[in-house]
């Protein structure tokens, strides 16, 4: 009796190959891509079942779900890439409710012609980020669109988590007198991206701060379960986050410019590009608001964690019917920190 | 149109171009309008061109002026 | 950053604030116009107003070349890209300036116009070299600081024999604008809108020197103090102006001695004179026609003049009726005096130019200072 001969399947050419329409068609080519790339990289017990969904037991408690789409350009930048950004971003959104992130899903919309080498690099980066954070990617989807209808790759990640008992973190909970803290230097990510685009060089390269913050959050919630608000200041920077809190909580804020941590090179790059560091995106920092009596303890807990080493108390919430975020400038005068108007364009004036 | 930054000339390059440093950030600009600028000089750059050399002695005098330690210059 | 941080020092700011408070005479008020968008921005962004006594009022003048660009010229720029199919290279500042029919360069870009943001005229030249089959137009705006780089670009284009590069020239002149303000009925007629002196522009003066202002100080008997770019420079200049007013002097003083000389940058002035000549008249948004206030490209370099090359016809378009930009640019009104300020007209949805550029009086006030009128009693 002859043994069943295994069909020869040519392995995917990750070095020189490109995404084509067959990779999204649901047939053999797509199954092979999923197998050789996604399953190989993410590999976990849920994915090994090869189902269209993942099934897992849910611990008791309140569940949190968050989702994020990633369309960043350039795809690769100092300190990271769209892949790890997608993993960290959703882990952080879940964590900002005080929840422990448990599982992620990932969907890819690929443009016909996108180099497989880049896709592999991105997926392996995602897998590494997911493994380091101990939050597995348990399900996903892939589609391919025609050339010209996508910007290389769009990634969407969704995450779920559980909020521990006694923790109630929400943007509408800030009260006058509460203290405002940030976990570290602001503006690193946005400036890394813009500088890379504008071909600015640095003595020491400014790198994106992209990071998963859930373990830092766990330490913070442990030290101060009464934390009122948490948010990561991504697009729009600290200015957007504080204005959002002001609107949700119906308060104003007073912060001090000299207490806001910004790396000197980030400051310098902002001067050259005509940007305000307060409006620039961060991908590995958070803003926390807590009752005044807990501020020092929270600060100590943050500083004890590597991702919070440069944490600082920068101001407080106040009564303000106009919901202004006011800042005392380094000069001693006052100005408001407003939403960014429209897209952030580097100015010449 | 006034965004202009004082920067240090690090190295003169081909033609009128130069590498400048501003607080650790490096960029290429043109010295076509301030051809006498040398390495180590500070210049003011606007839209990619240096428009003026910074006089370090005058800068010190101005700082002293703020503190009320000198008379108003003309 | 050296030559930056020292000039923003909070301690020195306090010292200067005290000296200014001691210098102002009781019962006397002072109105100074700062004529430089960069100064407008610095004053708002650092909250300098909080460090000055209430008897000093800083008035924002038309020192923002984006703000004074008339709607019709933006329409021309959009047409160059949309109708003539040129690659239009522009500084980012002009992208959101409102043009006719609710359009703007940003909206035109969304409609398919090839409009590219550049930092420098040199970038536009590079784009022209890289796209030899297409027309490339550089949308040149700005006062005397920005004009020499445009001159260099044109001379370089000639040297390189670039056949597809041209400049849409909207360069304007500082002294003409100052004269226009001083000639305006409100200001001449002392008692209505008195101006006690001027804070002279920082970087324009690097190029033109302090000498051109001597005429104004003499003719109109107003002191001029040229100030550096940083908030401490502005405060020192205010102190010097207060002292001049108290002494009854009207001289040109230079606070920005570390970068400005009496003659300015001779090389830059020679290059500009080589390439440009005066227009007899030019429309400024909000100020109307101002004589001898702007530059055009000389006949010798005519083939690099987009207006000639594309046969551009300028059509004046009136501002929105509710828009008070004209009065604000002349210092006759303040942003909050405008009925649509902060309501219909905001940085997201600007009606007039003062709200578009971050140096514009309205945008600066809205972004950094509007909390001042709405503080709880």
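Just so it is clear, A, B and C label the chains in written order, and each chain counts residues from 1 on its own.
In this text, a contact is a pair of C-beta atoms (placed from the backbone, for glycine too) under 8 Å apart; a residue touches a chain by one contact, two chains touch by 3 or more.
None of the values given here were measured: they were computed from a predicted structure.
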item	value
Pair with more cross-chain C-beta pairs in contact, given B-C and A-B	B-C
Chain occupying the middle, per Cα centroid	C
Whole-Å separation of chain centres (CA-atom averages), subunit A against subunit B	38
Between subunit C and subunit B, distance of the C-alpha-averaged centres to the nearest whole Å	21
Multi-partner residues of subunit C (each touching 2 or more other chains)	1, 4, 37-38, 41, 64, 66, 91, 93, 119, 232, 359
In subunit B, residues with contacts to at least two other chains	1-3, 5, 22-23, 47
Sites on subunit A at which at least two other chains make contact	264, 267-268, 271, 347-349
Subunit C residues touching subunit B - in the complex, by the definition given at the top	1-4, 6-7, 12, 15-16, 19, 36-39, 41, 63-66, 91, 93, 119-123, 141-143, 145-146, 148-149, 152, 201-203, 206-207, 228-229, 232-233, 235-236, 240, 243, 251, 253-260, 265, 267-268, 271, 359
Interface residues, subunit A side, partner subunit C - complex	198, 258, 264, 267-268, 271, 319-322, 324, 326, 328-336, 338, 341-342, 345-349
Of subunit C, residues touching subunit A in the complex	1, 4, 8, 10, 13-14, 17, 37-38, 41, 44-51, 64, 66, 91-93, 95-96, 117, 119, 231-232, 346-348, 357-359, 363, 366-371, 374, 376
Of all residues in subunit B, those that touch subunit A in their complex	1-3, 5, 21-27, 47
Touching residues on subunit B, where the partner in the complex is subunit C	1-6, 8, 22-23, 30, 32-35, 42, 44, 46-49, 51-56, 58-59, 61-63, 65-68, 72-74
